[in-house]
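Each of the two complexes below includes subunit A, the first together with subunit B, the second together with subunit C.
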Partner chain A sequence: MANKKMKTAGQKSIIDRMGGQKVIVILVVIILFIFFCALSPNFRKYTTFVSILDYSYYISLMAIGVAFPLMTAGVDLSIGTGLVCYSLVGGWLIVFQGWPTWAGILASIVFGMAMGVVNGCLVALMDLPPFLATLCTSMITRGLGSIISGGFGISWPAAAAEGGWFRNIFKIQRNGLNIPIGFLWIILIVIIMSFVLNHTKIGRYTLAIGSNKEATKLSGVNVKFYHILAYVISGFFAGLAAISYSAIFATVQPGSGAGFELEAIGGAIIGGVSMSGGFGSISGTLAGVFVICLLKTGLPFIGLTANWQQIITGLVLIAAVLVDILKRKSEN
Partner chain B sequence: MKKKVLAVLLCGCMAAGLIAGCGSKKDEAPKEDTKTADEGSDAEGDKGGENGYHFEVVVKSFQSSYWQAAVKGIEQAEEELGVTADTTGPNNESDIADQVQMLTSAIGKSPDGIALAACDQNSVLEALQTALDKKIPVVCFDSGVPDAPEGSVYATVVTNNGQAGSIAAEKIYESVKDKIAKADKPVRVGEVNQDATSANITERGMGFVNKFIELAEADGKKVAVVGNDYYVGKVEKNNDEKSADIIIEIAVPAQTTVELCATEASNIMNKDDTIAIFGSNQVSAEGVLTANQNLNVLGSDPEKNIIAAGFDAGSTIKAAVADGTLLGAVTQSPLMQGKLSIETLTKICNGEEVEDIETEGYWYDSTNMDDPQISPNLYD
Partner chain C sequence: MGEVILTMKEIDKSFPGVHALDHVNLEVRKGEVLALMGENGAGKSTLMKVLTGIYTKDSGTITYEGKEVEFSNTREAQEAGIVIVHQELNMLGHLTVAQNIFIGREFKKGIRIDDKKMNEEAQKLFDRMNIDINPKERMSNLTVGKQQMCEIAKAISHDAKVIIFDEPSAALTETEIQELFKIIRDLREKNLGIVYISHRMDEIKVITDRVTVMRDGTYVGTLITKDSTKDDIINMMVGRVIYEDPKTESMVPKDAPVVLKVDKLNAGKMVQDVSFELRKGEILGFSGLMGAGRTETARALFGADPIDSGDIYINGKKVTINNPQDAVKNGIGYLSEDRKRFGIVVQKSVAENTTMATLEEYMSGIFIDKKKEKEVAQKYVESLATKTPDVDQLVVNLSGGNQQKVVIAKWLTRDCDILIFDEPTRGIDVGAKSEIYKLMNQLAADGKAIIMISSEMTEILRMSDRIIVMCEGKKTGELDISEATQENIMNLATREIE
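Right after this comes the complex of A and B.
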């Protein structure tokens, strides 16, 4: 019941294709990587590799989180401006209110989860369309961020400064070499969240809500609770993404962040999360995010200017959504 | 049933947390209000002057150090000219309605003149009409109001962005001149501009490019400008990349985020022939610095490092200028703008002719950062 994959267990070709999509995405990542390496000698450098990882953490974290609302056939558009808002709140508490760094980090995450509760209640209890509800909260978070920071950028403590230890969570320096250890954390989170998705009630009910909400309700599941929980997970990861963003970039500018959510949602969809709900994969999501990150970093390196970058990224997204639609058609 | 109760409890707790969170923020807000009021009354404190003119000044925001610098300039002018000025401003640059209200009440006091840094060009139009009707002269600073009612704004005081960009070109050229002279193959100079749409950024960007071309051509070098089509199209006499001695590469990110500026910057900084790079506003300069976190190529020795210059201030850029990662940066001068606004108002009251003033950008580096002329302009 929980998973369409289980429903269609008898038809071998579909299982092949399900496993197949993840494999295809990983193949695309590898092909893109080789493609850019072949065309640009500067892309082949270790430092570029570290940069790609640096800029991927916050999108990866947002994408893992937003996969849950997506799998309930919803969406969370508030994570992009939310990320900036949570980061500004945490930074403001640390820099201007003298809170210790760990408390600021905690505040960012708690704020993210609180926003998730708001989103969840609007969607699950008050039946607002997810698109509309989270669009509104995205405006609210953008405004809040600007108010708290007084309209000016906030810099979390620098790596060398007191309280700057959190920057080393994602990158450490040894003998002048940057080691992107953040990626290990991302892998660990992917493993944990894959387990949550596939082997716990939370994950199974999330998928069930996305497949058929009525049937899930009738089978005695507390649909409202698990529906809200999906948005809380999304908010929690937006909070984590805020920390990674603050750790990698020197200054967080209020008013920015709109558009980040689309990269995360795009990554999740490329990775095989169904926009109509009921199916998704966390490891696929991570692979999908890397398609977006490689395009973003690689296209400037092969000499394409901004306008072309946007056209190509748009085309790739269309292709990914088409795969999702074709998949659903063949299932019907 | 148990689960339901649990769920309700959990939601309740989280909602309570949220409300508590909001509550504490509300507690903070009035504090800032009182602070603003205090600072306001400070400015009011030194009243009384020789020729008795009294002006009202409305800035964009009272909180930031950038605007505090403008207030300092206003105070200097008060002392020098023997006039008085009351300065107010909203808590935040986005509090447009608050500012309009402050402007209206400033007009209500019938001062001899008003200096205004408008948060929003359009919201202040009605108030400016009232000022015109009451024959109160207005001087705009920091940002102009292009659609202001004819005759209401006597003069504007804004940064000359073209000149500000050209200073960075002069300083960078001075630092890499020897290297260019000695080079046996073409060298590359990068410029990262946040966008190709806003007037401030494009003027700055072209100011840098045109000055660099002028300096290089004076030394008999051929310059080619490549990269973003908009900027390349604005170059008057462009040369072919293949025959040029110096290539200026202009990058504009797809969106105005630090990370995309950083990607564009690292693309340029990765090239073997790159000798210098300029980030033309705070975001793009920070993009250059973000790229350098991994590349580690910036520094003050033109033989070994890529020379970089930034724009505006902020703690990140200031730290990079202080430790020599950046050669220096260009700052605008809120202090001068505040001072000039009051001077212009005084001239108007004295019946003198006034015209629009463009203030200069100032170069700062590790040697003059603490200079009393410079440091008030460097906000965090």
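Right after this comes the complex of A and C.
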């Protein structure tokens, strides 16, 4: 009977910790926000608020996508340079090839998914370690972007220009005020992807692969397909992130983008996605991304340089990963 | 035969729920080869682990070279001169032979590692052993047999006085075994004490001087090898009282149709020309010693490992099984011997594990119908009497027996006609064991065909309608339960004297 008691306690504490981490992260977001507001009058401005959101879109989208490979106990490092590459491809098609904007957007996303298929095949069919496979495709996308753009930065059409409508997806101007409606889209996507994760086969098998790939395979699940699919989802969201990035920022520079993926992966992990696979939540991921975005935009306001921001983000990540490790240890 | 160098007396060791060693005695003399024999789980490895400090004994004494000793780790044992040569070799493939032999105690010249001296020392060792291995060769380039020689050389270089060989011949070819024996005889000449653990009866006859037999964690006795026969040894190995009543006759009707026919299945070294038939409502026991190729046969049949050749017929129709998906489609379910690795997803709930093989049936559109999923999981929790607070419980929190029931539920939802139970009661306590047995009998009575791989003789005799015995990747016999005894199963499971 003592045994039984122990088991029930074990179950509760795991669920506690799962919910726990999400709640903690949201609290951290709120505390950080209040902290910066209290210390810096400039931070308390509406424009700062909008600029935090501006930064959050592409990182959020990448993070939601990369959460899937992470949950299979893999990783996708190609999303950062990939984002820039897909954006350059789309922009080049629109600006230099005269494609309509919607077609350019579609091309960016399709290119992202195609890269996802490549990553997925390398990992699931050819058994390359995910770190290595996606590191290589990250180099490839970086080079490819520069070649396609001829080494020059590309500006997608401006909001006022013809074909610039897509910029209004994320930000509309009313009476000289920027309204960040992109956040609504992000919330909607979080809801949809949470549903995909918790209520569809895709999510179920993604987590199962991360938890015990061999047992999943021996249950007759088409493990290879769902393993590849996780990377395609990651690529799809890198494509979406490319659109949001192109919409927010004036110019996209080839050769940039390296390091974006680390902010996204960092956000996902802070938000409770387990690096060892099997666990994760999309809403937690979003909260984790906001921790990163707040640090990124907030720290300069209290007089700390970008270098400090790097150090502090690194420390926060270590803390988040430690939580993950401690969680696993206590479960064993 | 010389004086006694090592005595283990009244060694006792318990793990939670298992009395692994029950006052066991062992005596090793200088200049002799002592065979240590016993069925799977008899306690041979545990005894050796106690000796070398991997486990701490609960009681008993170890006397080595006249002094009572207790080692707290293998390193201490090694320094004292007691070394194990493991079945799985602990070698670093990308280092050279000499680097492997002297790892952890490299010769140095200032702060530099003195590879030249290590090569010379290794060469001296090999010269002394009279074997031809280049110390500068990379370990991964050597054959398994040669790698083992290096392991032995390493043991000798530790100035070993007692060397324990744990199933050394399992991975070796005939010639390699002959070389190994030469070295062992040589070591015996040099007055070392040698313990030789093996299942191979012919080797025991050839190389050992005395045989100590263990059974169910107890010491049975010691024989002089040349004065005993294979039957003597087998009788000591299996001579246990069976408490549960063994089945006396097959429960399968004479006209029961054959649901599975396997014809000359080949898969790697461990499955060679295995053929058998399985009938509706039958429990077909697969017996044999560790490494006989039973699990490998099951995995090949299930598509988990590639098949080299051979045909599989289900209900008389030839089928192709390339992966587990094909097997599942053909109505085969596999319950692995290693539940945690291959059977369940421990960090997921009972409900999620239950529907793992049949998720299609619990979908409404693209969404998983969690209500329906929980209902079916609940249904099986009740019918199998799985002890869990609710179906949302994570499987990691269940006991072994209940985890096994979740795996059974997984395959029952699939309505599999053929179920492969690989060591169905491993790691399961006695009470839960009989429940699993009852369940298996019920499944057979309901018309399922069951393959049961088991290393427990009592389990084989209690559950099977028919028994297939394997040895070293080959089927060595097939017995109806009415003619099966412990002795004739063990006879088939051990290699004949050639």
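Descriptive notes on the structure:
In the analysis below, the second predicted complex is superposed on the first by the 322 of 332 C-alpha atoms of A that agree within 3 Å, B and C clash if a C-alpha of one lies under 4 Å from a C-alpha of the other, contacts with A are read in each partner's own complex, and residues count from 1 in each chain.
Everything below uses one rule, namely that a residue touches a chain if its C-beta (ideal position, glycine included) is under 8 Å from a C-beta of that chain, and two chains touch if they have at least 3 such contacts.
Keep in mind that this is a model prediction, so the values were computed, not measured.
With both complexes brought onto subunit A, simultaneous placement of subunit B and subunit C is permitted, the two fitting side by side without a clash. Put simply, the three-chain overlay gives an angle of 130° at subunit A, taking C-alpha centres for subunit B and subunit C and rounding to the nearest 10.
Put simply, more of the residues of subunit A are touched by B, taking subunit B and subunit C as the two choices. By the touch criterion defined above, A:276 lies against neither subunit B nor subunit C after alignment on the C-alpha atoms of chain A.
In the superposition on chain A, A:212 makes contact with subunit C only, while subunit B stays out of contact range.
In the superposition on chain A, A:147 makes contact with subunit B only, while subunit C stays out of contact range. In the superposed pair of complexes, A:222 makes contact with subunit B and with subunit C alike.
Shared-chain residue A:201: touches subunit C; no touch with subunit B.
Of the two partner chains, subunit B is the only one that A:111 touches; subunit C does not reach it. Closest approach of subunit B to subunit C, taken over C-alpha atoms in the A-based superposition, is 7 Å.
Applying the stated touch rule to the two superposed structures, the overlap between the subunit B and subunit C interfaces on subunit A comprises residues 222.
Of all residues in subunit B, those touching subunit A in their complex are 3-4, 7, 10-11, 14-15, 17-18, 21, 25, 61, 63-64, 66, 91-94, 227-229, 251-260, 262-264, 266-267, 270-271, 282-283, 286, 289-291, 293-296, 314-316, 319, 379. Taken in their complex, subunit A has these residues touching subunit C: 3-4, 7-8, 10-11, 14, 195, 199-201, 204, 207-208, 211-212, 214-222, 278-279, 331.
Contact residues on subunit C toward subunit A in their complex (touch as defined above): 302, 304, 323-325, 327-329, 334, 336, 341-348, 352, 356-357, 359, 363, 366-368, 370, 387, 389, 393-394, 396-399, 410, 414. Looking at the complex, you find that subunit A touches subunit B at residues 42, 45, 47-48, 50-51, 54-55, 110-111, 113-114, 117-118, 121, 146-148, 150-153, 155, 158, 176, 178, 222, 224-225, 228, 232, 248-251, 253, 256, 259, 296-297, 300-301, 305-307, 309-310.
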